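In order of appearance the chains are A, B and C, and numbering begins at 1 in each one.
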Amino acid sequence: MNIKSYSYQDIKLLLGEHVIIGDVNQIKITSLENIDTNKENAICFIDKNRKDKEELLDKTLAKVVVIDDKELKKQYLTKVLIQVKDPKLTISFVGNNLFTLKMPLGIIHESAVIHPEAIIDKLVFIGPNCTIGKVKIGSNSIIRSNVTLFDNVEIGSGVDISSGSVIGSEGYGYNRDQDGKLIQFPHIGRVIIENNVSIGTNVSIDRGALSDTVIGKGTKIDNLVHIAHNVIIGEDCCIVANAVICGSTTIGKKSYIAPSSCVRDAIHIGENTLIGLSATVMKSVPSNEVWVGSPALPLSKYVKNRKKISDL
Amino acid sequence: MNIKSYSYQDIKLLLGEHVIIGDVNQIKITSLENIDTNKENAICFIDKNRKDKEELLDKTLAKVVVIDDKELKKQYLTKVLIQVKDPKLTISFVGNNLFTLKMPLGIIHESAVIHPEAIIDKLVFIGPNCTIGKVKIGSNSIIRSNVTLFDNVEIGSGVDISSGSVIGSEGYGYNRDQDGKLIQFPHIGRVIIENNVSIGTNVSIDRGALSDTVIGKGTKIDNLVHIAHNVIIGEDCCIVANAVICGSTTIGKKSYIAPSSCVRDAIHIGENTLIGLSATVMKSVPSNEVWVGSPALPLSKYVKNRKKISDL
Amino acid sequence: MNIKSYSYQDIKLLLGEHVIIGDVNQIKITSLENIDTNKENAICFIDKNRKDKEELLDKTLAKVVVIDDKELKKQYLTKVLIQVKDPKLTISFVGNNLFTLKMPLGIIHESAVIHPEAIIDKLVFIGPNCTIGKVKIGSNSIIRSNVTLFDNVEIGSGVDISSGSVIGSEGYGYNRDQDGKLIQFPHIGRVIIENNVSIGTNVSIDRGALSDTVIGKGTKIDNLVHIAHNVIIGEDCCIVANAVICGSTTIGKKSYIAPSSCVRDAIHIGENTLIGLSATVMKSVPSNEVWVGSPALPLSKYVKNRKKISDL
């Protein structure tokens, strides 16, 4: 294997605003590693929240370390320190550009089954064993393997849908007739996946009944999430693993829905909210609030209740 | 696109018992929409529980509205009102017949891999990238895409299994030997999926150990549900998204298991029960009861406990 | 169908240490059944914890019964009793050897898509519609159908990965930039699946960020489980259905994580712990403890809290 080496010139533009402490000519990077590495030619970072920065710098063998812009107590003559505002963000830009595999665009794997009337941009990747209905897919979007897209799914550009996910399936909307038999309500809406959305593995997103299910621009959905019919999720949200968003619920932008939480149907979660791990949300949540527990309560009320019980 | 238009004659039989207020010749329907539509040629409905029926009728541009049979305070001269007992049910029959895509029967996609000894009715649909073991599948059943059916799965007629679901896999039954190693108990039972069952996307249903796992007639299972080995679910149940039914548990007919709930192993949930959102059911539940919370309690007891804490 | 019949000679070595009560020549077994069977030529077992052993023996029509080594109150002249220490374990060895279907090794289904640089032992089974990246797979491993393995997944020998599972996908690690946009942290680690691990259906296991995600030897993972990036699970653990293990958490050997539980990120679960049904684990758990509830507490503390509320 031919290992590539990157110089300061290669990474300069990826670093954003930065200050170099040390000799830039010493920057010869062959890998991206954790700070506890024993590889000299690695680039590493130290999270800005770490209290033990000096200790970590003393120990690491890596010569190039991205670190925050606070003053250090001593000098590290054998290293090159790259000071930035948010080292984790900076290392993300470096890593994503230099060390992660990009899927080649312009490729539809021969084993994928594609509806003849699907409208698919030329610059996409569609992986093996996918089943793609009568959909629209924008440029630079990646559909990995064993994904199913039903008809009437509209996918923007820069979208990444990972393996095993199913999007656009019939929603779960049953009503009992006189005999108690379950009659399905018709589901003829679409799923709209806006630009730069990422969707993890084994995710299920149902299409809307009479209107659409919408995943807003830049929102990131983790593995094994269920998004029911007619849910509308705003921009730049995090919907983390195993979360369930029930039918017709709406979520404002920049909200964070933690793993294994469950949000009931037909409510509204405001902008910039945080729903805690395994929370069960039974009513609408105002913007900018943190709700936790089952049933979910505002954090301060939840903490008060816990204290009451512990004080008994 | 050639838009089809439906007249009163086309929908008459789908409406069931009904009364028309207005001129039936005005019925020219080209789409099914929500009541807030601005499409004149849409058919809409107003749920019987809405309090704002008159307001909705005033606002909608749709000319044909299905509504319940209670008297209205005023007349709507430019509309045709179709009065029925349950507007949502009626619109379901209309919508499912006229506006939803039917899968063509008699089709097994060439990319599906089918066991040579599988016994499959001629009138079925089996979609792309399915893996079908030595199973039986009855008439009018639909297996969408990327579905796996293991050997010894028996599927009735009118069954719909959506994409990414896996049925008939080995159950999870391990016992530790003297050294603490996990030894699998043999799973040689079947999965029986009775007539008119629907199963959502990315569902996992395991086969039984020495006897069978059974999903009763007309039961509807939502996405990402786990049904363990030897579970027996009665007729016309709802098992909603992300629910887990652990091994050997039985559920009586017409029960509703809400999203993200978890029912422990080897208990019995009675008929016509309701298990609440994210509930954790630790013991058997009598018929006709509502249990909620973790651990799940009868609703009244749960409410009492919540009040006790809030009163502290 | 030609039904095979097994004699004492066929099962003798599978029984381990045992005592026969009755005539070994009467052992002619054609099937493995539950104790309530009406099949004479079945082999059955009675769990050592059952209180109604005599009653079960009176009722069953099976002639061969595996039972524990405690003295019985009466004689069963028409039966052959096989006394062992743990009947369930013994019947597992018999059943797994004689009555369960073995996947043929040395087979890669023609519909599987395999990376040309994947290093795969000759004695494996890879089923239909799998998508296999640049991985390593050891001998006697079984990859069932519609499985996706991303690049840099390393699978030991004797591993069983069931249908619909996705292993090695990008972890969920986002940080917001100045504008609140979500920037993915690079995920360039591997997933290491050690020997004799079993993984159920529709499981999601993410690769590590800068180091690896590891599933320890002999661990058994049930359906619909989510294992996040950089999780390290020890040997011989049970991770049961719908459980979520968040990023960078470690779990000691022989622990049991019950269905629908959720373990937060960056904590440590000790060895030989038991995490209860639907528990939400918010902090590290010492070895040899049982924690239940949400937030999870040591069992005794949880019970005390429940009692406090009920006593109010």
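Heads up, the rule we're going with is that a residue touches a chain if its C-beta (ideal position, glycine included) is under 8 Å from a C-beta of that chain, and two chains touch if they have at least 3 such contacts.
Predicted model only: the values in this text are computed from it and were never measured.
**Student:** Specify, for the interface formed by the sequence copies chain A and chain C, whether it is same or different in terms of residue numbers shared by both sides, with half as the dividing line.
**Tutor:** Both copies, chain A as well as chain C, present different residues to each other, with under half of the numbers appearing on both sides.
**Student:** Through what angle, to the nearest 5 degrees, does chain A rotate to match chain B on its C-alpha atoms?
**Tutor:** 120
**Student:** Quick check: how many Å separate the C-alpha centres of chain A and chain C?
**Tutor:** Going by mean C-alpha positions, chain A sits 29 Å from chain C.
**Student:** At least two partner chains per residue is the criterion; list those residues in chain B.
**Tutor:** Answer for chain B, listing residues that touch two or more other chains: 111, 129, 146, 164, 202, 224, 242, 260, 278, 294, 309, 312.
**Student:** Which residues of chain C touch chain A once you look at their complex with the stated criterion?
**Tutor:** Chain C residues touching chain A: 111, 113, 129-131, 146, 148, 150-151, 164-166, 169-170, 172, 174-177, 180-188, 202-204, 206, 210-211, 224, 226, 228, 242, 244, 246, 260, 262, 264, 278, 280, 282, 294, 305, 308-309, 312.
**Student:** For chain B, which residues are in contact with chain A within the complex?
**Tutor:** 32-34, 86, 88-89, 91-93, 95-96, 99-101, 109, 111, 127-129, 144-146, 162-164, 198, 200-202, 218-220, 222-224, 236, 238, 240-242, 254, 259-260, 277-278, 293-294, 309-310, 312
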